[in-house]
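When the chains are written out, they are named A, B, C, D, E and F in that same order, and each has its own residue count from 1.
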Amino acid sequence: MAEYTAYFNGEWMPFSQVKIDPMDRGFLVGDVIFDVARTFNGKSFRMGQHIDRLYRSLKYVRLDPGLSPREMHDISEEVITRNQEHLGEAGDFTITQFITRGPGQWSRSAGPPAVCVKAAPVAFGRYASLFKDGAHGVITRTRSYPVDALDPKVKHYSRMNFNLADMEAADVDPEGWPILTDTYGNLTEGTGYNVFLVTDGVIRTPGDRNILQGISRGMVFDLANQLEIPLVEEDLQPYDMYTADEAFFSSTSPCVLPVTVVDKREVGDGRPGPIVQQLLAAWSESVGMDIVDQFERFERS
Amino acid sequence: MAEYTAYFNGEWMPFSQVKIDPMDRGFLVGDVIFDVARTFNGKSFRMGQHIDRLYRSLKYVRLDPGLSPREMHDISEEVITRNQEHLGEAGDFTITQFITRGPGQWSRSAGPPAVCVKAAPVAFGRYASLFKDGAHGVITRTRSYPVDALDPKVKHYSRMNFNLADMEAADVDPEGWPILTDTYGNLTEGTGYNVFLVTDGVIRTPGDRNILQGISRGMVFDLANQLEIPLVEEDLQPYDMYTADEAFFSSTSPCVLPVTVVDKREVGDGRPGPIVQQLLAAWSESVGMDIVDQFERFERS
Amino acid sequence: MAEYTAYFNGEWMPFSQVKIDPMDRGFLVGDVIFDVARTFNGKSFRMGQHIDRLYRSLKYVRLDPGLSPREMHDISEEVITRNQEHLGEAGDFTITQFITRGPGQWSRSAGPPAVCVKAAPVAFGRYASLFKDGAHGVITRTRSYPVDALDPKVKHYSRMNFNLADMEAADVDPEGWPILTDTYGNLTEGTGYNVFLVTDGVIRTPGDRNILQGISRGMVFDLANQLEIPLVEEDLQPYDMYTADEAFFSSTSPCVLPVTVVDKREVGDGRPGPIVQQLLAAWSESVGMDIVDQFERFERS
Amino acid sequence: MAEYTAYFNGEWMPFSQVKIDPMDRGFLVGDVIFDVARTFNGKSFRMGQHIDRLYRSLKYVRLDPGLSPREMHDISEEVITRNQEHLGEAGDFTITQFITRGPGQWSRSAGPPAVCVKAAPVAFGRYASLFKDGAHGVITRTRSYPVDALDPKVKHYSRMNFNLADMEAADVDPEGWPILTDTYGNLTEGTGYNVFLVTDGVIRTPGDRNILQGISRGMVFDLANQLEIPLVEEDLQPYDMYTADEAFFSSTSPCVLPVTVVDKREVGDGRPGPIVQQLLAAWSESVGMDIVDQFERFERS
Amino acid sequence: MAEYTAYFNGEWMPFSQVKIDPMDRGFLVGDVIFDVARTFNGKSFRMGQHIDRLYRSLKYVRLDPGLSPREMHDISEEVITRNQEHLGEAGDFTITQFITRGPGQWSRSAGPPAVCVKAAPVAFGRYASLFKDGAHGVITRTRSYPVDALDPKVKHYSRMNFNLADMEAADVDPEGWPILTDTYGNLTEGTGYNVFLVTDGVIRTPGDRNILQGISRGMVFDLANQLEIPLVEEDLQPYDMYTADEAFFSSTSPCVLPVTVVDKREVGDGRPGPIVQQLLAAWSESVGMDIVDQFERFERS
Amino acid sequence: MAEYTAYFNGEWMPFSQVKIDPMDRGFLVGDVIFDVARTFNGKSFRMGQHIDRLYRSLKYVRLDPGLSPREMHDISEEVITRNQEHLGEAGDFTITQFITRGPGQWSRSAGPPAVCVKAAPVAFGRYASLFKDGAHGVITRTRSYPVDALDPKVKHYSRMNFNLADMEAADVDPEGWPILTDTYGNLTEGTGYNVFLVTDGVIRTPGDRNILQGISRGMVFDLANQLEIPLVEEDLQPYDMYTADEAFFSSTSPCVLPVTVVDKREVGDGRPGPIVQQLLAAWSESVGMDIVDQFERFERS
């Protein structure tokens, strides 16, 4: 496997040499903030928005990475440059930043933080077949954390509830992608992807009360606006997903991914719908490449 | 600093060589189960109960460590033996087991897990002065996870809400130890310790609906029974803590720790009370050593 | 009393011969989906929307009626035709479809379902005087089912909470029509009618999180749009109803019905307001008959 | 199939002639109260308690059956006598009373009620193999109704949420028996059975806040008392069920039924445990017959 | 009307001269703590417990009255002495202490507090007929404040929700005494009285999570213990009250008061039950006078 | 200090002579409705809106002041006229109306109410420095009352939870202004001021589900509309406030007040932002005077 170069605590090194100290609170108590962007044709996509979101999370949990947003942005771009040699084989990269709290008995006084920025190939194989077949969704019994315990808008590594939801989804459907609900039974998000429905030509998605403010989600908003497809944020329940005409996920790597089955019920006619196709086409055009085609070409990688 | 020997994935090695792979779900999504026991006079305390609780957590999250409880128990004892040379300097050990999910895109299919068992000196310095002065408690705005998001009876590393509570406590009182509440406003637990009150001679503590089933908490139950001090589990609110005669925490290292201030209000007369003293004396007797005295002797270490 | 013809399990028969098997889960555990449309001047109104909603409910509870939506629609129209002889006396019809699960120990394997489509005279007498006097609303202590127990968007026969609310409303006001709230204290709906307020010229109604998606409610949306009266969906509380300028219900039979008293407080000046009158006039125009006049003419029937 | 005699609205008739009027609120809005007792060796068991519970439900929903508890009791016994001829083939009977609200636009003024008391063979075939193999439990996403919407202590026919839970359980495990939770994530009950756990020799079961007050549940309390097995009512969560030593259901027909798997995790060692066996033995003794043996003998019926 | 002497801010004066400054936060924002005791035969009853509870409330809201508990107790007794001349006419006294925050823009810096201790005749007329007829209870839609907004164990003057509940109770039953529920639908308390049920010989009452810790409630506990009547604290719902054998309130003036109707349903046989009578007799004996007889004798006063 | 003239129960008198009867339910149980307007250059501002809101509150709690809205409005203006002599020294006035329930054992039958309308100088000193430095916000653990206990849209004096929040804010930041959240963790309001954020040029504020419908809040809506600054009402969480570009409060006296720190985190760059300045300028223009300048000039008063 190719050896990627990563930034770690001020140095550049092979990512295989990046290791987490088991006494770092980042491991011990999940005290880590992170973000993930990707490239299209080797160029970063909305990196500024990812950096902004990263620093919003850092501010929320009062973790100072010792780098300014500008510096973090520059390092993130440099990671792409330094791994240029792998681009041909990889197709495109994901760029991940993570910052741990560092060692200490209390978060209030722990440190120094560990800061890592790294590249990896987009996981084309995970998604390739789903653009045609659609992903299967399963709405899980396990709930999202409520905002007064831990706001889902913060992007962190303390996600044991996501792990539980992942296994519950597989109980119902071996191909199931989990979708969580909030304390009140409203749909929130998946374990790394936002959820969209289409009903009577309107794109519908939960507001950001109990979800991550996805950058890809924002891109869907922009494309819908450009395509003049109405889009609303509102409280949605499983009923809305069962009875939608279309459903799809948005996420950094696949951009948008059709959902054709949820809780063993077909969504619409059980095939990817026209609006998700429109969004993929418009997204492809905006990044100057055929997104789905790339997934198919790199499926084996 | 002394080099401790740890068990890691079937091998024995210096703990300084134990590193966490940043692609392990244990780091990436907090998918780790752990437990911590301690020794008294170098002998493990209720290790069987710790191992049982560890396997209850593992069963809950469906993580197979590849070791039977008996094997895990034996390794845990062997860690003590292998670090015997450090006992004099350390005073006593904490013994930690942790099991990560391993790498993978889904918890349902990730692996292999990483398994570590390690020893470290008890952090005497953290607690020594508090047996006399009492800890300060702060009831935080940040809540415990509700059981339908992530049951607090599972002992895991996805604890970002504990980190937030830790910093909020410091906002109110620089010496503040956080105490969380559940969704309904009932007291739950601290970030690694259970909470007890004494009112009119009765020890009161939250039931285990939204808390970890502390082994030290269980020891308090046993000692109270032995000392014929009535003890009840019930829903408790901040009012109960503000108006209690005594308050104390229970935790593996300090056993029980008096609490003399909560939310800037004195508990009782603001000094450690008689029942916490009785419990410490009885606990000391049961383990054949003076617990508080050891904390004072090893404070600097 | 006139003998109406109904469709029942593939046959046409007098409705008086339609009987429910007490071992059908439809009776035993309320496992029934239904819908109700009405005619104006003997012509069905928005039957397609009623059929769509019926099939959304069926999909939610995974009940297959053995008829396509098209077939169900045709049968529903045929019921009108077959009862044509009664139209003069009846004035207009309600058309009800219901589908039971059938007998069996589990819903997962029960069947065959019973399917009935039937006509009945609109209950003019129930509503006639209320167009002038206004209905009385009572906000009940009994709550709507939360969506994670049973989504109110599903139209089913398991409505014991509606029965309780009905009797509570009568406790407060013998003429009281119950209005329920959700778990959070927001107004939801009545026991078969949606709720609307008018404040400063804006029509306000709860969103569809915890209510049935009324077809008459949708007609109010369309008429408001046509009349250029602003209309918003939002969380509403009893305060909003007590202090509204107008209030009204929407429901299949009466279309819209003014509400002049709620919880013993007059709404506005205690008389039906101008906007409900406008809506009735526009609705009448759209169906080519005077709705209120018909209620008065057929009051005795 | 044998023709059983039933009481219906003051008359005795073959049960096959008992039919429910589709205009009865009992069908239309689930406005029915019921209870189910059984016989052992042809003798009714705790019929008085069943009648008491039936009248508590009737009082709650303000439904007057027009019969005193004494009369209802006598009719219930007479049903047994009148069906004596079927006892040999049936093995034993269940005796069901149900009372509907009757027809009407409002519960407050509807009537007259329909009253039915009937006998049927115990469904031995449904349970026989489970005494040896244990039932499989699945904790569902669908919740119990909260008490402020509809108190689960009322025994009624408005149970669409039970139907949903039934199908969800089958999604996870084709043999799955659903177990619901309340709004707070606590275990409540199954769709016709109470839930018990055994941990460290103590029988544990939810208190009656959100469950039916099972008569069989009460019998378990009595037998536990007689056998000097400690039993506590407390809030229980899925964690408690996953980590219990034993689990079992109580219900009128099977009395108690071992549960050996829950959410795909084995309970204890995955086989029926000693305490459920003790309870079955003591119950058998108290009714003068071998309960399990009868299930095996009548399995085919 | 007789002129009673009151303590007010260090002085003794006729109570008619005690006036509240409209700029005192005690009026402006309900920032007042209070307590009420009564006398039997002119002697104070459990005054020490009332003073303790008063100081628990003061500690909770961080309001310093400038008097020690001992001083407050002495003043409270002196109020009785100073009004001795009115005892014959009054029958017995209630003794009220209240402490306001004083003027200021913030509670954190407001002051000085106003402190008043006063006597008044027991309101015999309010309760006299109810010992024979029983009070009527109405369970209201208005809820108790949840503990995370304002703990009901604090005895304060910010009780607008009690006023709303009072009027709602009168809507249902002109003689209705309101009973509130908590956020989860459990019974809490009335607007100045605790609630008790009797079922199968056991006295049942809500635990103190969401209620005032009534001193009279505590006396009921003591008398039940003395009379060997079992008493349990547990979550209770309207179902429990509708189906109880007896119900009663406890409160400072009437001690215990039978409840014979709740939500228009008779409790038990609709007459005061034997256990409330036993409690009244035992209470009378313990205070050396016939409590009910005094109410009847002083009814007109 | 200047002696202001007030209206009290039909008479005009020096406000120093207005006293509250301690037996008035307005004091005893916080049974008071009020409102507060202010003048600019001695002219009342949106008095009609204040009077409307006052009567909405009165209707909610069913308190009849014995004056029509027109009469209350006229008296409110007369208060300004009667205190004209103080205007020069005061700068401007606040005008407060309050109505108490009056004495009585039940709100349902209490009375007569006390009605007061009074003027006082605007508290310039409290706010003057904050226009430049910004206020500090602290999000408190104490919650707003939920609407089913007491709707925050009612303007009353039962505000003990505000007092608790006030002291908690001071625990975290001596200059802290409390901001409460609702039961679900959403931001609601301060203890007398509404909360606004600015993110990416959009003004965001909580909808009126759990807040007072501030008249100044409405003015912000109008000015934003006039200035063509987009403004949305939505659920907001602490995350939104920590990561906003600007934050400000609205309130009768200061109109709008910049917030520069929240929970010890700087809002934006920690200085008052451009939008709050725009609003202050536009507000000043609309009332024909420089609002901030007046605060500075009258700071000492």
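As a working rule, contacts are C-beta pairs under 8 Å (C-beta built on N, C-alpha and C of every residue); 3 or more make two chains touch, one makes a residue touch a chain.
Here the structure is a predicted model, which is why all the values come from computation and not from measurement.
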| item | value |
| --- | --- |
| Labels of chains that are neighbours to subunit B and to subunit F | A, E |
| Averaged-CA centre spacing for the pair subunit E and subunit B, given as whole angstrom | 43 |
| Whole-Å gap between the CA centroids of subunit B and subunit C | 57 |
| Multi-partner residues of subunit E (each touching 2 or more other chains) | 62, 141, 146, 148, 154, 183-184 |
| Touch-based graph of the chains, sorted into line, ring, star, complete or other | other |
| Chains that touch, pairwise | A-B, A-C, A-D, A-F, B-D, B-E, B-F, C-D, C-E, C-F, D-E, E-F |
| Touching residues on subunit D, where the partner in the complex is subunit E | 56, 59-60, 62, 146-148, 151, 153-154, 183-184, 207, 209 |
| Subunit C partner contacts - residues on subunit E that touch it in the complex | 139-141, 171-173, 263-264 |
| Subunit C-facing residues of subunit D, complex | 15, 18-22, 25-32, 61-62, 98, 101, 105-108, 116, 123, 126, 141-146, 148-150, 154, 156-164, 166-167, 169-170, 183 |
| In the complex with subunit A, residue positions of subunit F that touch it | 181, 184-186, 234-235, 237-239, 242-243, 265 |
